[in-house]
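In what follows, chain A forms one complex with chain B and a second complex with chain C.
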Partner chain A sequence: MPRSPLALFVLLAGCDTPTASEEPPFLRGAQPDYSAPAPVLRRLTYSQYVHSIDDLFGTGLVLPDELEPDTRAAGLYAVGASLTSISALGVDRYESVAYTIAEQVLTDPTRRAAIVGCVPVSPADADCAREVLNALGERVWRRPLSDGELDVLVSVTTTAGMTLGDFDLGLSYGLAALLQSPYFLFRVELGEVDPAGGHRYSGWEMASRLSYFLWDGPPDDALLLAAESGALLTDAGLEAEVDRMLQDERTRRGLRAFFGDMLHLDELDALTKDPSLFVNMSSELGPAAREQTLQDLDAIVLEDDVDFRTFLTSTDTHIDRTLAALYDVPAPVREGFGLTTLPISGGRRGFLGQASFLALQAHATSTSVTLRGLYLREVLLCQELPSPPAGLNTSIPEANAERPTMRDRVAQHLEDPSCAGCHQLMDPIGLGFEHFDGVGRWRDTENGHPIDPAGSFDGDEFVDAWGLGQVVADHGSFAPCVSDTLLRSALGRTLADEELELAEWHADGLHQEGYRLRWLFRDIVMGPAFRTTAVAP
Partner chain B sequence: MPLRSLARFIALASVTLIACAPEPQEAGTCTLTDMPEVLVLRTLSFALADANGVSEGFDLDGVTSTEDGETGCGVADYTSPDGAPGIDNAFSRLEPALNSTEAKISVIEGLVQSAIDSGELLLTVELGGVDDWQTDQCVAGQVGQALGIPMLGTDGLLLDGQTFDRDEDIGVVGLSAGSISSGVFVAGGLSLDLPVQILNASLVFPLRDGQLRVELGEDDVYRGVLAGRVSAAYVLAVAKTQAVDPAVAELLGVVLTANGDFDDEDGTWCGAVSVVLKFEAVGAYFYGD
Partner chain C sequence: MSRRGVGPRRPLAAAVVPSRRGFMRGMLQGSAIFVGLPLFQRALNGNGTALACGGVIPKRFGVFFWGNGNRPERWIPATDGDSWELSEELAPLVNVKSKVSVVTGLSVKVPNLLPHTSGAAGLLSGMTPLSADGVESFAGPTIDQIIAAQVGGDTLFPSLQTAASDCSGESWNGVNSRNPPETDPYALYERLFGPTFRLPGEEGLVDPTLGLRRSVLDSVMGDIATLQGRLGATDKARLDQHLTGVRELEERLARLEEDPPSLESCARPPAEPEASYPDIEGRPQISARSRIVSDMLAMALACDQTRVFGHYVTDPVANPLFPGATAGHHNLTHDEGGDQPEVHAITVQIVAELAYLLERLDAVPEADGTLLDNCCVLGCSEVGLGQIHSIDDVPIVVAGGLCGTLRTGIHHRSYTGDNSAMLMLSILRGMDILAPSFGADDAYTEDGLSEIEV
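Here is the complex of A and B:
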């Protein structure tokens, strides 16, 4: 019986009821005045690159596992993308993959037919090359090509075709040139003068901003048509496209990209545990844990469109055989992932009961109250904690007969004032998860001693991890943190001080709308930060 | 290959012995609940007596037999680790003979373990109505078999808490008089025909009159023993069908006959041998339960 009778009593006494419905109706105020900062130049992340190739040429092409590495800034790859360039090695990789893609596309009759609609009359047929590159170039660069740009690409193609004696071989050079171009690898969104005053993103730029935010991929033909018609520059036209896009399956990609980024789920690929201590560890565990988290979010945000804070409190979850064994519950399906309801007696619910949090925020040989507490504060509540001073030993004492449990060891650790200042903010919270070992499996005892997971978090008491999930869900910073993080992801940059009022306005809207994240995606797109910019420096 | 044939045969025979004990009892008042605890055996090996005459197991016949005595066919019983006399485990006496052949005990146990790890031999014990794993006078139990490809942990053993299909082709068999005392579940009355697939051999073994003991450890691993008796004639018949090396089969016939300590179910005098198997089990689930 994993959960204590006291914990179950508290649960059954009604402490876990959703709080949103108990609050009085909330209405946000008027949109604050807003002055946009300068635009940023974002490089496609790896997943955006892959999705772009998938959407342009069809799925199934062989792509390298790594291109130029993504880097996180302010906790997000989406922000890091605007602060990074391409290394010499990266240039080589992008060049190499561009030619690989071109060859795969042009040697596959079906893929080739999708982009080559003319019949070349010679290896250097300029008219056919122009027709192909003009149509394809608009999709690859996400905007029409100028005559000058097209002339250069046609010249490359015909020269290569003449030299090699084959139109397709020549076209492969033109296609590779498109794919190596900064106009493909970067999102060049510089803005234009808004006739109504100030600067705004152009229709073509809005198409890219929308598609990479909502789909983590490039615009489709309908979106490019809307860009060309100017519809994306009007409220009504933009609303219509957003609503269409949110109904599209590709929104799942966008949701996965955002939460994978925010929650650091990519790190699960490198999950490492001591196999002598954690028998459940396998190469499948990390990816399975990520899939559980993302499927749950998909259900909450897109399928059910409900209060996203249930992400921390719901017992409904999607698991496979691997995770079912780890969580010690029946597997709902024989293959893949299925929906199940975790038993209350298991003491596990929500994201904070999942391996994607519990195993990732732990050491290879043990739990980590510090990592778990720090993650709650920094990732879920957007609080900034100072880094430890250089040279300071912050390690928690080893277990021994006098200090058999983590709580005992943390108590000693916090006696050191040089540690207590920061660790007091993390470790007592992390102790709430001590019933879950370093890989996320329930344990009744630690070194043969009972575990006491109770504590308080910013003044709110909790009995165990079950209750702690509710405390975090109800924390005044959680929903605004998710809102701010989504806004930063959409903009690809950190927020300037002058934008904080707008960020709060979006968060207020999220509150008003019952914490439905699907609504927030739309609200951010329709907001001024997404649509306007200052003059590029 | 003689070694593999004999080893396979004995592995099969060892499984047969799981459920050999006195007559099944009538169903009691204890019933399996909707969500019984399911255990799946992750190891199964012979419990052999030590040099001091100490052996795990049960007093299957209720008497303490001595060598050349009038009971137990003159085959001496052992003493349990906690000092109880009358432990029947005549198979233990076959160890020297077997180990003199290619069919060493360790080889047989390796084949059994392989069958478990590959999912060919997933024996399950279901316990219903366990209110307290220290003391519970009313625990219903049944033995069956699971189907599925098991997940193994980093220790090479079946992972705890995984889900299998119930093997509907064999009838689950209720254990009788199940109860827990001092943290140990004990029951008897097991009788079933168990289909076993080991090394591509599909056979049905009549399991009769078994007894079982299980204890839950602090590491959430269940440990226990199974004891019963097996007909020597049946074992030898199986040996013939499995093309065991004739010389080894002859040796087997000699030692089985010499160490028979029970009458078999056909009434053949001293035609059966008692055996004790020890096992480890972990919690499991069935799809759809």
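Here is the complex of A and C:
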């Protein structure tokens, strides 16, 4: 979300000096007036669906790799989920997986016992069916079921039980109905009249909003109790619940979901590289790179709760043997991931030294200075760049003796006025990473010629990728961009112009609190955009 | 005689489900109303084949799409009209040349503001795509869905979307409403030829669980309808799409209980797909996937499981490593110098996949001819010269005569940059859909492309 130039100026002024001791502590102003837009109807993303099933029925069920495909809008699956619907293919897949889940749950005595507390007296025992569906339905739909809704589900269940002569087989149809319902597949958070004035999300709706934001999964029983008691509608009750939830292991899942979405880490599954050019390429590389990035974020944001901007500058990182080979450092552990400190001599630190960035923002057979520069601007700084105009010849000259390096080859892009307007914003930054090849391995030279990674980024000079990481970390748009993106993810939509002041207020709070992102999760939950809404149109 | 399974037959559906046609009209915002022609009009098209074709033998339409365009100077045949020779890039079509018309020189008339997306949306929907807040979407339905809304009601699948790579496809019902393809060949096989498949002459399924599954879908449709009552117009329309999908599935389950259509050439495809098609040396198996899917599509059409398909080789901007290429496809279209021999070679590979599909369709006997004769397959990409994102002179192949309603065996070249929407209108009319127009704004047309019509 681009900010107004004035707002950006204010933030830049606030963030310019990284050493806090030299200036008085920054304090954000009062919460601005806020008027919420209409609510949006969000579909569960793939990961939210899977986490819901994990939490409802226990982990370990066999689930398909794909359901309704998620779509990124404004950079986030979380936003695409409030714009798209369920296609015919998605309907088929949701039906098929519902029966798969029901069968796995009801044929596993432990899982079955967790949801079936009664002993059916007949294949069509309506009382037992009602008891099971009433309790389970509240967890699956994240709200109590009406009598009418329960009647339909019990009827489906008992008809099936009678037809097939088996209570559990019958129940599988009731379960399948719960799981295919829009009340499960979509998050129905439409708001209610607030007796104090305006509209707010109801207690049940707040429970879903909290759990999918913080945990990327459904409410647990304690949260549902808090919803029922009305506690989530008071400041004190909400604070108590968010603090409890942030202590829960499931917050790791929420953090991973958010950063995986924001940083496009899912695309690492489809990482395509020519293995004859990149000996480190393997099918394990992409997933390993994602794990490195997410473990580092987990440590910074949740374990250590420190300035999250160190994500771009820290030499501490979590790697496995695959990545150790790529980065040419000793593997810290034999199996899995372990903490290591990268040597300064390696020239590599922070996220911008990881394959999650270097390999993904590159081509199958080469680096891409444009993709790397574009990603920094769009994803890390939330700046929008225009699409290339039609009718331009975009080819770059091939490498030869006169133009051995990428810097030589893109020189024309950067001089031709029809290209330079945009490419000046991307390529000089991307050239800072040219010591890292298309998969992220260090190279001293390109085609036998020295690489010059120096440049400047919005007025700040850097000599190489090591310095570039600091420049981006200190960039006045970086922390606000992460803050805004987290807010968009929490709300499942883009921000209206009238909300930019509130977005800045949250970003100011992040600054005030020393850029501890964990604090921002709580601040967003307690803020008005998360709790209030307009009437559905 | 078909036997019914146990359970109520759609007890709630009639009460809560608007007609599919009504839904499509809503998606089109009333701007155009498509009405199927009554049978007697279809019978009167003057070439004598119509009674068999379009009657007992259905007409079919399919899109064969690939991303990133072609090299126009090596694509466009040297001469036009009836007497022409295949160009270098069209050479793989040699075995079906007489059943193919190549149309060159057509322009997509929407403003080319979103590279690749403008071309795809303009060509297939005739409408300028939407773009706001980083969200891009087609603004209206693509031609395959306009056709499916008319002819899809009689088959197991109103339309099928398939793919030869992991892609999103270019089939849309309207804003933010995309029909993603089944990208896994094995999953596609299970859908089409799995345990529920019945050959002609076999009886419908007798399985009580079909009725039970329908009763579950009825409860789902009831929930959707109730929820819609609480939503604003946009979200209501989103749930309309969900509802349509549920209703289609419900109807498919009901149809499985009926005897399958008796079509002489319907059979299981010759081979089952592999469980997976992993990349080989970093290169996706596009050809293998396209071919096994083509085998399935031919039989899905021959068995009348669907009459509309979209087969997406790659998406616009897709960047896979094709065999022999030194960089990804999209990458090459922009960065390869000279006359781009690698881009050319990839285009030839893609046209070879189109040829494979057409040959499979042509190998299926149907009435006096072949399945291909009763199809229209629109082979196309979203740009012409990908290097400059050109949407002038986009590559178009129109294959199959659609029961004698479309001319085949010609190269028609427009020297005036005619509107590509004209061809779409001709196809709609060939499908017996009485469409007054196709496209919007600068792409709007009320005229078909007469040179391609019989």
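By definition in this document, the second predicted complex is superposed on the first by the 511 of 537 C-alpha atoms of A that agree within 3 Å, B and C clash if a C-alpha of one lies under 4 Å from a C-alpha of the other, contacts with A are read in each partner's own complex, and residues count from 1 in each chain.
Methods note: a contact is a pair of C-beta atoms (placed from the backbone, for glycine too) under 8 Å apart; a residue touches a chain by one contact, two chains touch by 3 or more.
Predicted model, so just to flag it, every value in this text is computed and none were measured.
**Q** Answer with first, second, both or neither: which of chain B and chain C does A:Leu41 touch in the superposed model?
**A** second
**Q** Looking at chain A, does chain C or chain B touch more of its residues?
**A** More residues of chain A are touched by C.
**Q** Of the partners chain B and chain C, which touch A:Arg321 in the superposed model: first, second, both, neither?
**A** First partner only, chain B.
**Q** Taking the superposition as given, does A:Met526 touch the first partner, chain B, the second, chain C, both, or neither?
**A** Neither: A:Met526 stays clear of chain B and chain C.
**Q** Does chain B (first) or chain C (second) touch A:Ser282, or do both, or does neither?
**A** first
**Q** Quick check on the superposed pair: does A:Thr394 touch chain B, chain C, both, or neither? Answer first, second, both or neither.
**A** Once the two structures are laid over each other on A, A:Thr394 reaches chain C alone.
**Q** Applying the touch criterion given at the start, work out whether A:Ala114 contacts chain B, chain C, both or neither, answering first, second, both or neither.
**A** The answer is neither, since A:Ala114 touches no partner chain.
**Q** Looking at the overlay, what does A:Ala331 touch: chain B (first), chain C (second), both, or neither?
**A** first
**Q** Quick check on the superposed pair: does A:Ala411 touch chain B, chain C, both, or neither? Answer first, second, both or neither.
**A** Neither chain B nor chain C is touched by A:Ala411.
**Q** Does any part of chain A touch chain B in one structure and chain C in the other, and if so which residues?
**A** Correct list for chain A: 275-276, 281.
**Q** What residues on chain C touch chain A, complex-wise?
**A** Counting only chain C, the residues touching chain A are 6-7, 112-115, 118, 133-135, 137, 158, 161, 166, 168, 176-182, 184, 191, 208-209, 211-213, 215-217, 219-220, 222-224, 227, 230-235, 238-239, 241-242, 244-246, 248-249, 278-279, 281-282, 284, 319-321, 326-328, 331, 334-337, 387-391.
**Q** What does chain A use to touch chain B in their complex?
**A** 275-276, 278-282, 321-322, 324-331, 334, 448
**Q** Per the contact definition, I'd like the list of chain A residues that touch chain C in the complex.
**A** 38, 40-41, 66, 68-69, 71, 73-75, 79-80, 83-92, 95, 149, 152-153, 156, 159-160, 163-164, 173, 176-177, 180-183, 185-186, 188, 190, 270, 272-276, 281, 283, 363-366, 384, 387-388, 390-398, 494, 536-537
**Q** Quick check: in the complex, which residue numbers of chain B touch chain A?
**A** These residues of chain B touch chain A: 151, 153-155, 157, 159-163, 165, 218, 283, 285-287, 289.
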